[in-house]
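Accompanying notes for the structure given below.
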Amino acid sequence: MIKKILIANRGEIAVRVIRACREMGIASAAVFSAVDRAALHVSQADEAYSIGAATAAESYLNIARILEVAKRCGADAIHPGYGFLSENAKFARACAEAGIKFIGPPPSAMELMGSKTRARQAMQSAGVPFVPGSARGLSLAEAPSVAAQIGFPVMVKAAAGGGGKGMRLVRTPEELKAAFETAQSEAQRAFNDGEVYIEKLIEDPRHIEIQILGDEHGNLVYLGERECSVQRRHQKVIEEAPSVAVDDDLRSRMGQVAVQVAKAAGYANAGTVEFLVDKASNFYFLEMNTRLQVEHPVTELVAGLDLVHLQIRIASGEKLPFRQEDIILRGHAMECRIYAEDPDNNFFPSPGKITQLLRASGPGIREDSGVYEGWRVPLEYDPLLSKLIVYASDRASAIARMRRALDEYFVGGIKTNLLLIRRIFEHPDFVAGRINTGFLDRLLASRPEPKADENGLAEIAAISAALFAANSATSNGRNSQSGSGEKPGSSPWKQVARVEGLRNE
Amino acid sequence: MIKKILIANRGEIAVRVIRACREMGIASAAVFSAVDRAALHVSQADEAYSIGAATAAESYLNIARILEVAKRCGADAIHPGYGFLSENAKFARACAEAGIKFIGPPPSAMELMGSKTRARQAMQSAGVPFVPGSARGLSLAEAPSVAAQIGFPVMVKAAAGGGGKGMRLVRTPEELKAAFETAQSEAQRAFNDGEVYIEKLIEDPRHIEIQILGDEHGNLVYLGERECSVQRRHQKVIEEAPSVAVDDDLRSRMGQVAVQVAKAAGYANAGTVEFLVDKASNFYFLEMNTRLQVEHPVTELVAGLDLVHLQIRIASGEKLPFRQEDIILRGHAMECRIYAEDPDNNFFPSPGKITQLLRASGPGIREDSGVYEGWRVPLEYDPLLSKLIVYASDRASAIARMRRALDEYFVGGIKTNLLLIRRIFEHPDFVAGRINTGFLDRLLASRPEPKADENGLAEIAAISAALFAANSATSNGRNSQSGSGEKPGSSPWKQVARVEGLRNE
Amino acid sequence: MIYEVTIGEKTRLVELVRLGPNWLCKIDGRSFALDVTSIQTNVLSLLVDGKSHEVKQDIIAGETTIVVGHQQFSAIVRDPRSFRSRRRSEASGSGPRKITAPMPGKVVRVLVKIGESVDAGQGVVIIEAMKMQNELKSPKKGVVKKLHAPEGVLVEAGQTLVEIE
Amino acid sequence: MIYEVTIGEKTRLVELVRLGPNWLCKIDGRSFALDVTSIQTNVLSLLVDGKSHEVKQDIIAGETTIVVGHQQFSAIVRDPRSFRSRRRSEASGSGPRKITAPMPGKVVRVLVKIGESVDAGQGVVIIEAMKMQNELKSPKKGVVKKLHAPEGVLVEAGQTLVEIE
């Protein structure tokens, strides 16, 4: 078994891995940049080493420095978390050369999946379903017959593309020529490469992914799906397991394809195969993420397993402790990502000091957090503060539970997306499971429902604002925390509801 | 469905029920005594009403006052929690008379189980196994043959007994006469009733209980067992599910007996049937608790169900949403009860202000708490602060996870039993599952293992004590919270590990 | 104590009077008893006629938000007798206007010079945090009077960057 | 800064010297660099030669506990230059002794009178909390000099109840 793991990451995922190490009796070594000395992962780890300046390139992406620290402290393995170096095959190779186990798939699988074209070739020859399309550059002359064969509507896409440039939606054969030419010239201007291809348009697809797990002895299982359709600019906000769109039959078919993908890539350890799913429950391979995902907890909750423990056991050379038929999925789990960002101001990040942090707890609540009250969220990194995750016996109960948890959760001092999350959890389409990758953009484009001022809450807010002002005037700047604990008379607020009692009698 | 529930309780269980109400869209009404205005259940409920003085008899046990509040606020049901009025049949009847649904079993079942002798008669005629014994007062002349029939060792017990008085252990026939006579005269003196009976001694029994759930339409299921052998003076400290001593066969036999017990009592809603289990896996009925138990969360975690939700559905007249064969138990759950008490000072309660509260979180952690930082734990009630509960795929992982959670958990300002819990979770017998009702007393009687001063932690503690003193001297009494967030230069502790970095390069 | 509290479009006069250990509150011509307990810093428990409200206050860059249950309200509180709050409310009228940083960040570009004329809505400063850039715009037509934060400096939320007159 | 810290039977002299933004610590004749950051009130993060320690301090009724990982230590800290701490350490020697409440509670019985002779270990006061009673005993043979808390009063942890001379 691995004895000491260096965690080449920060934030909630670093804390997540440190907790797993502690539970497994493995020493954990954190690394930190100049602005992260006070970060939670530093104080929670058994060891912690400074690795450079705030800029990620000089610290969390600094391969040489990280390997140097790993060697110096005697770590026999590195967990890369997600983001940063987690999908960097060069880093994985450098670890291997330094005699340090990289907790993840073999570099060859990372390289294969890191290349869109190589991945597509390999997966197509393994019989994995792709969005129907020409898969190569076309001439205008070829376009009509290819499009007709695929069936309208189709997308014309730049081969060198990205970011929506050189991309045109074509609903009828008549529109094809004009769209094709515009896309070509746009692609030429944007990428200096006019090659375009045609792909079937998947209307209102869902983004559904399959968690797979493989050991280094060729055993592979899938742990069900995650529904990740609630996203903004490909940034997932809410994930759940299972998906309302996936029944037992579809789950087993998607699961088997995901295992096939992993097998074709020579995969080991934890990985995720992403699919688009259309309204007719056809699914199409999108890509494979060769790492632990942010949203892995929802799978953990429905499967009753700990994926980080399993990652470490696999990296230690152990065999998977179960076979496919032993996996029992039960109940429903949902995760929301709490970001330090301001949805009312174009999602601008909102770093700064967390002056207050009230957390949700009780039945069915899990919080994977990387922050604490009093900590100053630095400017330099991803604004993910924590993940609030719920488990319940069914989807409706999970939604109700998440709403309850959101009522309890409060972050003071910085802006967060908590109110937006609340809006999503109250949206009738979300509640009914009618979600697809366009859901959140449509919700953001619509005006928030002007809430009926239920129970005169605005009046309560006005009174409260006055009470807070009176409190700070009375306490005259002294720290008034713990009014509850004050002896009668020493606080402007009294403990006992005498007046209330009298009034009602 | 019930629309508004008054919670006739306080502390963590009141908060637990309020959370369930919120998740089910049911209004919750809290009640509070004069010292509980600032308690968590008051601020978390939708409504809150003062019900009287600090003394429980004048508030949380005040049936008339509670019913008056329930009627005034329009509650259509009352949840009694555990303790206080939860097993008071008179209260349940008074609720029914007031037209308010008591969320619990019918009063007749509470009365039956509240009477030791009536319960024994009813259960014996239903074929429920009891500890073998005479079950009635004996004369000295009858004693030898009865004892021989039961088989030594036996206990001679006062019929009117309690608290160990009039109780004698007899290992051989020769000791019987003297022990019988001493027990008789002790019973006569203590209870003014010399009647004694003989019962088989169950050596080193385990305390194992079965959770049952019944609807008001005659359907009954069992949800597996809880192992509650770690107790001090019949006060449970740690509970877990499943028990290492229970295999599938024993579970189904105990479960069926528990369902039989409930059926014989005309039981509905949640209840617990307690058994003693001997080394040969014989089990004997002890009593039935006609309420939700403190330790219900461990069952919730392995069964994936919410017992309070189900209690409310049952009380609303719904049928159980599953049958026995639908219940899937998975993984392992453990709970420890965090008390405000001082194990080093004869477990004396330690009320007072919680000056700091650092909570455990992350994978597999649940906390059901009734307290918050800054709250002053009142003198008047049970010292249970919160319950720390873990779930993992197996018992060894659950123990490791609880240790990790205990590392994270910290209560400042008052004494707690956290260190004792830690000692239990490190004890080789506990880790191996070799526990019985005498385990904790034996552990307490033994000296704690003098810890090797691993890694010079005492030295680190000495340095830290000096640093805290220097910090408070430097900051000169000002609130130094949030050193982490201070700008460089304004705090005696610096954010960036420059020296450390220099030293290592 | 009397406060003028503006929430949304509506300004209410809230009068608070001590009544034994509790408060009597007058608002919009009605009075009622308030049972108030401080739970933690910035968290109050209010009991009003049996209804329990946990209310939280958050102040970011001088702006007050009040959270009641799962509703959130921006509030402006004025003490009508306080000189300071009067002055502040005047400052938000016409006359010179300050452009402040909406969140902590780094000033990456200053787009104007002192004395330059700017239109309402014209970009003035760009600040960056967590790799996202945000262009701050002039709230009015006017002339750049002062530049407080040169390119490259780190600024706090609420810090004045530019003054437009 | 120099402190005398007693943990268990052992008293150590801890010298802390500022070294740039960090500290140099001398203890038991050895010196090493300390990288210290305050995480929250009463919580420090210490890095000593790469090892990370989250240490917590808790003070109950004047007694300091230091928690390092899952070990807990009672600590007595003296500033050798401080008059006040010298006096306090003298007070714990012979001479008059105070009996203090170990936790908040209610004084339910006072078992002695002023001027009464008491033996070491003799019960002096009974206090009650959460329905449990606790008899406080005299730490020494002597005479009751003062009674600070009559029957029926509520007392705080650390409050002096009786003085024995």
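A, B, C and D are the chain letters, set down in written order, and residue numbers restart from 1 in every chain.
Here, contacts are C-beta pairs under 8 Å (C-beta built on N, C-alpha and C of every residue); 3 or more make two chains touch, one makes a residue touch a chain.
None of these values were measured; they are calculated from a predicted model.
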Larger contact count among B-C and A-C belongs to A-C
Computed over C-alpha atoms, the centroid farthest from that of chain B is that of chain C
Dist(centroid_CA(chain A), centroid_CA(chain D)) in Å evaluates to 48
Taking each chain's centre as the mean of its CA atoms, chain A sits from chain B at a distance in Å of 37
In whole angstrom, the CA-centroid distance of chain A from chain C equals 33
Where chain B touches two or more other chains simultaneously, the residues are 37-38, 49, 374-375, 403, 407, 479, 481-484, 494-497, 500, 504
By the touch definition above, chain D meets two or more other chains at residues 35, 37-40, 43, 47, 50-51
Chains touch in the following pairs A-B, A-C, A-D, B-C, B-D
Residue set of chain A touching chain B in the complex reads 15-16, 19-20, 22-25, 32, 34-35, 37-38, 49-50, 72, 297, 300, 304-306, 308-309, 328, 330-331, 353-354, 359, 361-369, 374-376, 391-393, 397, 400-401, 403-404, 407, 479, 481-485, 494-497, 500-501, 504
Listed in rising order, the residues of chain A that touch chain D in the complex are 29-30, 37-38, 42-49, 73, 372-375
Listed in rising order, chain D residues that touch chain B in their complex are 1, 3, 5, 7-8, 10, 12, 14, 16, 19-23, 25, 27-28, 33-44, 46-48, 50-51, 53, 55-58, 60, 64, 66-73, 75, 77, 79, 102-106, 128-132, 134, 154, 156-157
As the complex stands, chain A meets chain C at residues 340, 342, 345-352, 355-356, 358, 379-383, 403, 406-407, 410, 412-415, 419, 422, 451, 454-455, 457-471, 473, 479-484, 488, 491-500, 503-504
Listed in rising order, the residues of chain D that touch chain A in the complex are 35, 37-40, 43, 45, 47, 50-52, 54
